[in-house]
Amino acid sequence: MTWETVIGLETHVQLSTKTKLFSRASTTFGKSPNTNVNLIDCGLPGVLPSVNKEAFYKAIRFGMAVGSKINQTSIFDRKNYFYADLPKGYQITQMDLPIVLGGKIDIETDSGIKTINITRAHLEEDAGKSIHDEFDGFSAIDLNRAGTPLLEIVSEPEISNAKEAVSYMKAMHQLVTFLDVSDGNMSQGSLRCDANVSIRKKGDSKLGTRTEIKNINSFKFIEKAINFEIKRQVQVLESGGNVIQETRLYDSYKDETRPMRSKEFANDYRYFPEPDLLPVVISDSEMQEIKDHFPELPKEKKARYQKEYGLAIYDAQIIASSKSMADFFDAAVQKTKNYILLSNWLIGEISAFLNKETIEINESKLSAENVAVLINRIDDQTISGKIAKSIFEEMCSSGESPDQIIESKGLKQITDDDSIEKVVDEVIANNPDQVEGYQSGKDKLLGFFVGQVMKETQGKANPQTVNKILKEKLTK
Amino acid sequence: MDQETVRTICYLARLEIDKDKAEKIENELEAIINLIGGLQAFDTENIEPLYSPLEQKAFKHEDIENSDNKKDEFLKNAAASNDDYFLVPRVVE
Amino acid sequence: MSIQYKTISQLREMIDAKSISSQELVKETLKLAESLKELNCFVTMNKDEGIKKAIEVDGTNTSNSLLKGIPLAQKDLFCTEGLRTTCSSKILADFVPPYTATAVEKLENAGSITIGKTNMDEFAMGSSNETSFFGNVHNPWKKGYVPGGSSGGSAAAVAAGIIPAATGTDTGGSIRQPAAHCGITGIKPTYGRVSRWGMIAFASSLDQAGPLARSAEDCAILLNEMSGYDPKDTTCLNVENTNLLQSINQPIKGLKIGIVKEFNLGDLKAEVQIRFEESKKIYESLGAEFVEISLPSISASVPTYYSIAPAECSSNLSRFDGVRFGYRAKDTDDLNDLYIKSRSEGFGDEVKRRILIGTYALSAGYYDAYYKKAQQVRRLIKNDFEVAFRSIDLIMTPTSPGTAFAFGSKGVQNPVELYLEDLFTISSNLAGLPAISIPHGKVNGLPVGLQLIGNFLKEDLLLNAAHIFQQNSEFHLERPSMEEF
């Protein structure tokens, strides 16, 4: 029996607005509990929501980037249900008339580029957080997150396997970060997805019963959760059972999905238009403003890097594909003209370091200015490439500028002939056997002399000059 | 309104009716539903619903922080809380 | 000297002439309220803070507002920072809000002193003030009789002369009907005229705050201060507010007043009809012309309202879950049990009925037939008014088909009985139009009210027409004997 998988993803993107969707409380992550909570977010009696325009602008940017239809008039609806972290007993969301309809996103698959259609995207407020294990017998509620703007993006059920799902999420991540719609920080919950998974016999046109795996927040878990679920559903069907339509959670410790505790009654959300908010209208001039200030996307950056900075296609692609890396590059090129050297360092040493620490460049202590200065110092021969590497290490751990490090450690490259000549003379004088060896044809010994000179100068002598003077002096 | 429907809407609204009042309440609900059923007599074909008497668009505010947080007072009003959180009986997911 | 029954202008004169300080005035008011506490108008008194504020106000020199130093009462639906706000419900019996409603804040910024929170029907659901957790309010005209609702406490306190004015809220008639039953004046402004920030929501698209007082003039003074754009309320109108006192004395010659054919006034109790006809004659003598108008869908008002209001309230009241504030039941097994027990123990029967009906009207399979259908019929009703107002300036109706009644004598067997009494007031809430009730005599010794409905934003015309009537009649000057209290 060959089975095929049908997956639809609902991505919840936390928008990077400074304040919440319906209140002017801050959205800053990591604040102490219940401090980023305004009267409205607490759902106190008598409070009323008010619309944050920036949330709309970000949602529209997303819609424009994926080629969707923007509903310039959209409305909010109430989704009614009870849960401890839902202060009003309803969530304000968009049901019938969402801000974004349709659109498409290209993903990379093993067999080339595949286009996934987007059904819709709408704005809604996030709920608070419940902590279940910290206080004996109690669940604790923190409403800091309550009211944070979310863009819920629904894909058509066109994804065929776990790898494609990851590819879709990666493409989504890149898009929302480049658009400055979200910081995409999955560990902080800025990007989460619910996966709707069903299987059917290959060739069948009817969809199988689907289950929904909720709140997966890493690329790795998306792949594992979906693969587990596919296997589980296959087992159920092959043993003659039926897949139950239910909501499941992924347990990363056990690497399995299990059903969420649900009540006997299915939830009827009783959607109706939010009477405390009127229809939100985006004017034509607002739409134009958004178009005029559209951020540069990876494709455009790649082309620009090749054209303006002479980067090779491959290098341009790498730098352009990460928002933090691209932003870094864009800032650094303001301070240095050696674009190729800069890009080599970014792709080489710097990327290696970031990978090792598993951080983004904007999470490191490196600044674009400092890296630009480092490139300049190599370029103007203040330091050698080798010394630059050790300066770089210091920059990574201390965040100091290269000049500070060069100064404090006295790492300036020695380039003047006189100083180097003095050391060369000393080395030659101290190693007569090797001199003889070199002069009798053992060319490789040049390396020994270079090494000795470098040792005497703590690596600061300019290697080309050392080579030149050594050759001059040894060839007699 | 059959028993099943009453049970469902009671659960959705997180309300329970005392068994001794149940019949009376059901009759009252029945009477109110009959009242609002009278709407069916009105022809509303092609009529847009009027969700608010104001036919104006929503005001959109700037994305600028303005906190009116009163954490201690918020927590104080709760039946169970500690210095940082609202507390409820432990929920198992 | 007695402060009972003094108007705002009279009290203003006394304060300006320094024959009484605001502090003394507030103390006298509190004493008066205490002496009449059998009426049960108040849920919470604001004694210490009230006196403190009065002393402050006495200390300032500028006397730029008519309300400076004047004692007022606020319906217990408005959040008042630091002062208990209960909505006359057990579920909020100990709730102290951390903020103040805009409408109240504006009145207080104008210098008025809040002396207490008035009793009401629980969560504004009711038309007799018999659903309050804190007990019934007595109609000052007759002990053991209802004052009307839901702003029963405010109406009774004003009718008993304790304070010159109070705030109320009106979702289906809750300012106008108690004003009528208590022989005083009450106005519901255009929807959106007064900010709803801090006004605990019953039905969001219908609720509106307004004043109750013993004259149209005093209502105008309060409404002037209460009105105004508030960005915290998206459903607030961003329009310029005219001074309602400016045009209040305009002669009303040529005013066209519509009588609604479909209301079948001929079916009303004879005495109510007589009062209505007499008032018509007064208006005619002042130069008004009467025209018959048709509002073909008006008979749908009551079923429309009782689909929409419960639906919106069922959602608005979900926040009362015992988690962050309000009553929480003891000994609950889990979160769901906490919700069910807290809400079932905390809410009264009428509130529960309306939440259940509302939940039903919004539920899958019924939404189109009830909630959506009601909102469509609502548009028909609004359209009818729009058409009618092309040829008339105001519409006149009795406020209520009957007078106040004895406690427990109506709506007990069948709540619909009471709902049907809202037929004259409800349509203006559905259409968002302003409406006022003024006293125009008595039937069997109990007051009856005359209602005027105006077009969108025409509160000035309503108050003008009401004031001229009051300049040419004495109904609004009648006082209950109060000997039973």
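Descriptive notes on the structure:
Per-chain numbering from 1; labels A, B and C assigned in written order.
Throughout what follows, a residue touches a chain if its C-beta (ideal position, glycine included) is under 8 Å from a C-beta of that chain, and two chains touch if they have at least 3 such contacts.
This structure is a prediction, so every number in the text was calculated from the model and none was measured.
Of the two chain pairs considered here, A-B and A-C, the higher C-beta contact count falls to A-B. Comparing per-chain C-alpha centres with the mean over every protein C-alpha atom, the closest match is chain B. Averaged C-alpha coordinates put the centre of chain B at 23 Å from the centre of chain C. The distance from the centre of chain A to the centre of chain B, each centre being the mean of the chain's C-alpha atoms, comes to 39 Å.
Centre-to-centre separation of chain A and chain C, using mean CA positions: 55 Å.
Looking at chain A, residues 39, 42, 44, 50-51, 80, 82, 84, 139, 141, 263, 268, 270, 275, 277-278 sit in touch with two or more other chains.
With touch defined as above, residues shared between interfaces to two or more other chains in chain B number as follows: 8, 12, 14, 51-52, 54, 56, 58-59, 61, 68, 70, 74, 80, 86, 88-91. For chain C, residues touching at least two other chains, in rising order: 95, 98-99, 205, 231, 234-235, 321, 323-325, 335-336, 339, 359, 363.
The touching residues of chain B, counted against chain A in their complex, run 8, 11-12, 14, 51-52, 54, 56-71, 74-75, 80, 82, 84-93. By the touch criterion given at the top, residues 1, 5-6, 8-10, 12-17, 21, 25, 28-29, 31-40, 42, 44, 47-54, 56, 58-59, 61, 68, 70, 73-74, 77-80, 86, 88-91 of chain B touch chain C in their complex. Touching chain C in their complex are the following residues of chain A: 39, 42-51, 78, 80, 82, 84, 87-90, 139, 141, 263, 268, 270, 272, 275-278.
Chain C makes touch with chain B in their complex at residues 95-96, 98-99, 191-192, 205, 231, 234-235, 237-238, 297, 300, 302-304, 306-307, 314, 321-328, 332-341, 343-344, 347, 349, 352-353, 355-357, 359-361, 363, 369-370, 372-380, 382, 414-416, 419, 430-433.
Within the complex formed with chain B, the residues of chain A that make contact are 17-19, 24-26, 32-39, 42, 44, 50-56, 73, 80, 82, 84, 130-132, 135, 137-143, 249, 260-261, 263, 265, 268, 270, 273, 275, 277-281.
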